[in-house]
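In the two assemblies presented below, subunit A is common to both, partnered first by subunit B and then by subunit C.
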Partner chain A sequence: MAEVRAGPAPYIYVCTRMRVRKSKLLPKEEYLRMLNMSLPEITRSIEELEYKREIDELSASFHGIDLLEIALSWNLAKEYQAIIAITPGTLKAFTQAYLRRWDIQNILTILRGKRQGLKIGKIKEVLIPAGELDRVFLDRLLIEDSPDRIVEALKGKNLYPVVAKEFPLAVQSNSLSHMENELYKDFYRNLINDANVMKGGDLFLKYISLDIDITNIRNLFRLRVDTVQEDAREMMIPGGTFSVEELHRLNGITDQNEFIDALMEKVRVKTLLAVLDKLRGEKPIREIEIDLIKVQIEQMEKMAKLNPFSIHPILVYLEKKKYEVFNLRAIARGKESKLSTDRIKGYLVM
Partner chain B sequence: MAAEIIATAATDLALMQASQKGFQAIGAGLAVGLTGLGTGVAEMAIGSAAVGATAENKDIFGLALLFTVIPETIVIFGLVVALLLLFS
Partner chain C sequence: MALRDVKPTRSELIGLKRRIALSERGYKILKMKRDGLILEFFKVLADAKDSRGELLQKYQRAVESMALANTVEGAIGVKSAAFSVKEVPQITLTSKNIMGVVVPKIESSKVRKSLVDRGYGILGTTSIIDETATSFEELVEAIIESAEIETTMKRLLSEIESTKRRVNALEFKVIPELSEARDFIKMRLDEMEREELFRLKKIKARMKA
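Right after this comes the complex of A and B.
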């Protein structure tokens, strides 16, 4: 375990809190019940849960779906910040490193929103200030007029070197996708470096490896559905079970059965093997993604049981909380767009 | 000569009784001390978990407290052994 003068007590304390919070997350039955409700009923139902404070705070300024969206985002960000505040020692460093992925998402959202000329309020609704860049900093970025000034404002932050290097190229190619790939590669590279340097990093490394594997496999499936021929090496993240070259080779296999067999040869996670075996037939990409997310969460739960006082119980809670918010948002958005219950259900991670 | 032997035997007996009492006292001390340490170690983990759980859900304070004091039984056993050693 990591260096904490008080012995294992702070780890036990924080991991127990995470377990209790995890037990308070919405069960599958609750989502199914919400699927049969109207939007105002869903809002009322959510208000009775952990989101009451945010909904009460924001109900004067927002209404309907906007109120729900922003309340969920605020709650998620607040929850993540509260967890950072109570985690001790290296667990705090690992949690902060993990949450830096939200910085990437926020910056990309701001840049994309600005390029598309969206209103500041609309962009703000979907920002989740859970990483290094807090709400005040993001608000400052939002009022900047030009994307170049947003990039300049990032000076001194972790993301700056990659953004400064890639943004001019993104402007030239009129697409942020390459920059997004590079930001995530840099994010995982930093996570691996942190895990290698810090005490207790071996357990964190196991999670990172799982996350990279699932992301790479998901990207492979997406590329198979995509008709555009792209270089797979560009999108793959190094540091997992598969090397980038292996992933590129896998992407070249056209036959689905052959592709699944080649994947299964190297995968060691039993639940993932079972899911991959089921993916031999035709299946919509959204369902494949949901299956992979479920496998990742299940595997993380197993890791948390094996190492009950480590970073794993915290990460499981962070991930499950994220998907609770995503599910509630999907239900609300689906209801707003008058989608059928079955269609919305297909987007839920339950 | 016989008196000398009786006197030496008496001294030896007194010494033996004294050291027996000493060992009893050491044994009693160890019984309470070591079980106390064991209780402390056990309560550290249970206590931290209990405080964590209570911080999230105030309703389980009573139950958490009950779980925290369960390892006290170990030190009570130690105390009983110590009392038996000292007064039996």
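Right after this comes the complex of A and C.
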């Protein structure tokens, strides 16, 4: 196949490929059909989709629902790596930067697992190499003797400065939560920096801002459920519509209506405003999260339509693919746990 | 106590009378203790029923939360978050006394944790992990509470059983046997007295003749 190398053609090509791939994702009706199936039927249906290769590959090591879940995760990781491989120029850089959040998850899982003294196999099962750090590198980290050596082995990687600074403190406090928060903050900080310096970064910046806003709003709702009053500044990501101080102030508002009014004052996204308005009554936090995710995807779709040959169609596909995997896993796990169809349906992002 | 082993002497009779008085006093006290323990047991039983119900409810909630967490986050997400738990709850075991029965008093700390203290970051997880963690923390608290109440109940029950056995032994074995021995000694002493009197009369009659 001839490769297109010059001009805007590679961008048009990859964005079109993303749209095609997106159109192949499972529609809502398919999830609804699966919800009425038994677990073996769901497994067979998933096998008939594009996940067959991973299921066959892993069937020697895993079985049952674990096989299904790990195969779905592997497929997601492979798909993301394939997308990085076909994206050109700055789009590649943006996609790689966006997928680094998986590196954070993997590194944290390895460090936690090692600190707990878990076997390598147990930790390996939980890794999803969908980011910059591939399976070979993660395997190398896994065979290191101690968490300190793992930190050293990260030298030269994006995560190293924060991990090297925060890990000794985490060991001292016996908790990696602060380090985890710092890694995610640093991840967003780097995304913003990349978007500011690279060509076409303004569109990427719009997505980052939306992602930060949704994450901060979601976490504000989460903190409201927690009985202990926390300092919200530690858990909020700078760089969105709200400053960290504003978010801290918002966290201090006890009255739900007052809190939502204060949020709505600064939010400009219409769909988000509509969802926030509906949250005035009592609503479980998980439903709020699902609503916010739906708003985020809807907004991203709008952005992708407005900018059809930008980073947006790629990001929309990456997110939608992620939620396809999450939905399939939720249906299978929900059925295995004998949850009612309505209950499972409530947790799907469709 | 076999009657053939009983020495029909006055000092033995005095000793037996003392033992009977002591046994009867002990019997009354033990009976009162048994009744008291039964009252305490019923009080604890009511608490135990409540705590068992609560425990069952919290267990079901925790299992359901785990099922939901597996559904939403997948086993991978749940395991990854679970790896972050490093600190285990602290349990302090002291004892208290209920009518002579030593029962445990369990105090726990670091069971309930705030979002920050749980070990995972808020930015990389979702609320379902919080809900699951909370429901399992509540379950651990309920288990600790239930352990205290149910151990108390078991100790009281075993003490009631042993007290009941002692009361029954005193009522149906020790006191009747002692009473029988006392009666036997009394009868033998009376008989010996009569024999002595008769012998004296006989001697007196022979001396007169």
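Basically, the second predicted complex is superposed on the first by the 338 of 350 C-alpha atoms of A that agree within 3 Å, B and C clash if a C-alpha of one lies under 4 Å from a C-alpha of the other, contacts with A are read in each partner's own complex, and residues count from 1 in each chain.
Assume contacts are C-beta pairs under 8 Å (C-beta built on N, C-alpha and C of every residue); 3 or more make two chains touch, one makes a residue touch a chain.
What you see is a predicted model; the values in this text were computed from it and never measured.
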Report task. In the overlay, answer first, second, both or neither for which of subunit B and subunit C A:T16 touches. Result -> first
**Report entry** Partner chain in contact with A:T95 - subunit B first, subunit C second, else both or neither
**Finding:** neither
Report task. In the overlay, answer first, second, both or neither for which of subunit B and subunit C A:D66 touches. Result -> second
**Report entry** subunit B versus subunit C as contact partner of A:S310, first or second or both or neither
**Finding:** neither
Requested in this report: Mind working out whether A:E180 is in touch with subunit B, subunit C, both or neither, as first, second, both or neither?
Outcome: second
Query raised in the report: Which touches a greater number of subunit A residues, subunit B or subunit C?
Result: C
Requested in this report: Name the contact category of A:V126: first (subunit B only), second (subunit C only), both, or neither.
Outcome: second
Query raised in the report: Touch check for A:Q296: first (subunit B), second (subunit C), both, or neither?
Result: neither
Report task. Residue by residue on subunit A, keep only those touching subunit B in one complex and subunit C in the other, then list them. Result -> none
Requested in this report: Give every residue of subunit B touching subunit A within the complex, in rising order.
Outcome: 44-45, 47-49, 51-53, 55-57
Query raised in the report: Which positions of subunit A touch subunit C when the two form their complex?
Result: 65-66, 69-70, 73, 101, 104-105, 108-109, 112-113, 115-116, 118, 123, 125-126, 128, 174-181, 183-185, 215, 218-219, 221-223, 225-228, 230, 234-235, 237, 285-286, 289, 326, 329-330, 333-334, 336-339, 343-344, 347
Requested in this report: Would you pull the subunit C residues touching subunit A in the complex into a rising list?
Outcome: 67-68, 70-72, 74-76, 79-80, 83-84, 86-87, 114-124, 126-128, 130-131
Report task. Quick one: which bits of subunit A touch subunit B in the complex? Just the residue numbers, please. Result -> 7-10, 12-17, 20-21, 24
